[in-house]
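Next come the structures, one after another.
Next, two complexes with chain A in common: one pairs it with chain B, the other with chain C.
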Partner chain A sequence: QEANLKRAKRGDLKVSVHHMEMERIRYVLSSYLRCRLVKIEKFFPHILEKEKSRAEGELSILSPEEFAFAKEYMANTEAHLKNVALKHMPPNLQKVSLLKSVPKPNLDSFVFLRVLERQENILVEPETDEQREYAITLEEGSQHLIRYRTVAPMVASGAVQLI
Partner chain B sequence: MEPAEVEFLAEKELVTIVPNFSLDRIHLIGGDLGPFNPGLPVEVPVWLAINLKQRQKCRLIPPEWMDVGKLEEIRDQERKEDTFTPMPSPYYMELTKLLLNYASDNIPRADEIRTLVKDTWDTRMAKLRLSADSFVGQQEVHAKLDNLTLMEINTTRTFLTQALDHMYKLRTNLQPGESSHSQDF
Partner chain C sequence: RQALEEMRALYERNQADVSEAKSGRADLIFLIRFRHCCLLRNQRCLLAYLYDRLLRIRALRWEYGSVLPNTIQFHMSAEEVEWFNRYKKSLATYMRSVGGEEGLDLTQDIKPPKSLYIEVRCLRDHGEFEIDDGTTILLKKNSQHFLPRWKCEQLIRQGVLEHVLS
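Here is the complex of A and B:
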């Protein structure tokens, strides 16, 4: 009797722990996907343009489903603009370039990062004309606030991690 | 990032519990845990520890830094220095909040601990406000922030990055002839 109870509890506990972990993983994955979808909605013409000019053999930055989502979003936006406003405009003003009117991602934004691999002689460009540019070393394990453009290649290579 | 997301990350940290049940090793996707034997301390992630505690299946052992003497030292050190001193855990704030919320009965002098951690946090936030102010005012383009925890960074993140971005845009638009980042139309 006791053995049966023990077995039932053990199974139950194990199951609930696995279940909790699954829920946590599910949360991380869906928040990751949500973040990507928000980016697609925000920058869709530029993302699609980048996909178009991708070289043979280079990996896509989007999953097949994300790519389909982006294309659909673009088509829907174009149709919507056409129906709501453009078709009522004089004929020579009926085209709009989404690539030009949708803001590009701002690569000069400031980001926080943690350094995973030491990087030497990173050139920091000044804001004002009075300041000169200077070089810094990014020590392993240190944290920094800096303009994204300066560290973009290191983010891609995994030498630094955005936080 | 939302504070709740930072707390989510903090929940992965390991903490020691003393279970009152037995269970053989469990193989989670994130790694193995256990085995669990009544009365024998074992390390588990905070998310599990809190859950087990709520189900009255264990008691929690506070981390060795969660002690009045140690925290007094940390608070005094923080008040003395102008820069940020290293914290005993990158998630000291979240762990304090979680453990004191759910397991204060397992933590001696919990109220004093709460106050000490809050004092240290307040001192650090004041330093952060000062440095953010001077960063924007001096138009710096780079800052080293070792010893700042994610929760602290997160409190100023939106304001600071947006302020800096705006300043940058205003400045680059002042310089004629430079390739401006605005859209041509």
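Here is the complex of A and C:
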């Protein structure tokens, strides 16, 4: 009978652990998707503009559902501002460019990264007037703190990984 | 609304001066430009205020869920309620499209899970509450229960249950 009890408890524990793992995965997934949505809502005019000017073969940074969500968010917000305020304003002020009014993402902010593929001769912009631009080599496995703009194409290609 | 009135008044005066200026009185241009700046500033302030309200309403969806308490709805304009409804619908469509047939409710699991079951205390009478294995629990004020975490999350956010940290 004790053996039976032990077997039952072990099974139960496995179920609990499995359950726990599922919850953890669900959390990580949820958190990641939530973060994406927050970014979409924060920068919506710029994201939609970038999507509009995307070249033929280039991959989109948004999933089709995210794109639909972004468009709906834009339409909803624009219509609201128009109906509540803009249409009551003098004729020459009834249009407003959301692209200009909503803050842009700061591509010059510094980011931490880890190098996955060795990169040679990366041009770094001068920080002060006395410096001139110089070239650095990013060794595989090294970590750096650098402006996002300098490494943006490498993030897209997967050569570096943001931490 | 007052700001709109002011803008209208300013604009009308500006209009009169514009037609005057066109007919050759160059000295009025500075006044016109000044009023235009005031108008632009008013427009910017108004839009900033309205947009900020929208951002707060959006936060409400994530905090309170799909149904807003009446006390809050009272302070929202009809257009804002409509914006909220459209936002909530857009969000629901997106959540449904994620992962599998049912979708993933992104408004759950805000914090990393520490354990499967949690100890909760009931803050007010909420009536009966059914958990997965079929049993119902009566949620009476001040009663304490040991329940699965995910079932409680929404009730905790609504203020019905309180997580007891021993």
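Just so we're on the same page, the second predicted complex is superposed on the first by the 158 of 163 C-alpha atoms of A that agree within 3 Å, B and C clash if a C-alpha of one lies under 4 Å from a C-alpha of the other, contacts with A are read in each partner's own complex, and residues count from 1 in each chain.
One rule holds for everything that comes next: a residue touches a chain if its C-beta (ideal position, glycine included) is under 8 Å from a C-beta of that chain, and two chains touch if they have at least 3 such contacts.
Predicted model only: the values in this text are computed from it and were never measured.
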(message) Taking chain A as the common reference, can chain B and chain C both be placed on it without clashing, or not? Answer clash or fit.
(response) fit
(message) On the A-aligned overlay, A:37 touches which partner chain: chain B = first, chain C = second, or both, or neither?
(response) second
(message) Please compute the chain B to chain A to chain C angle from C-alpha centroids in the superposed arrangement, rounded to the nearest 10 degrees.
(response) 100
(request) Could you say whether A:135 touches chain B, chain C, both of them, or neither, answering first, second, both or neither? (result) neither
(message) Under the stated touch criterion, which partner chain does A:55 make contact with: chain B (first), chain C (second), both, or neither?
(response) neither
(request) Quick one: classify A:20 as touching chain B (first), chain C (second), both or neither. (result) both
(request) Could you tell me if A:156 is touching chain B, chain C, both of them or neither one (first, second, both, neither)? (result) neither
(message) With both complexes overlaid on chain A, does A:144 touch chain B (first), chain C (second), both or neither?
(response) first
(message) Output check: A:110 vs chain B and chain C. Expected answer is one of first, second, both, neither. What do you get?
(response) first
(message) Just checking: does A:126 make contact with chain B only, chain C only, both, or neither of them? Give me first, second, both or neither.
(response) first
(request) Once the structures are superposed on A, label A:81 by its partner contacts, choosing first (chain B), second (chain C), both or neither. (result) second
(request) Look across chain B and chain C in the superposition and give the shortest C-alpha distance you find, in Å. (result) 8
(request) Starting from the residues of chain A touching chain B, keep only those that also touch chain C in the other complex, and list them. (result) 20, 24, 27, 31, 101
(message) So in the complex, the part of chain C that touches chain A is made up of which residues?
(response) 4, 7-8, 11, 39-40, 43-44, 46-47, 50-51, 54, 58, 77, 79-80, 82-83, 86-87, 90-91, 93-94, 97-99, 104, 106, 108-109, 111-113, 115-116, 149-150
(request) Would you mind writing out the residues of chain B in touch with chain A in their complex? (result) 5, 8, 11, 21-24, 26, 28-30, 33, 47-48, 51, 57, 135, 139-148, 150, 153, 157, 160-161, 164-165, 167-168, 171-172, 181, 183-185
(request) Please name which positions on chain A make contact with chain B in the complex. (result) 9-10, 13-14, 17-18, 20-22, 24-25, 27, 31, 100-101, 103-104, 106, 108-112, 124-128, 131, 136, 141-147, 150, 163
(request) In the complex, go through chain A and note every residue touching chain C. (result) 16, 19-20, 23-24, 26-27, 29-31, 33-34, 37, 41, 65-66, 68-69, 72-73, 76-77, 80-81, 83-86, 88-90, 93, 96, 101
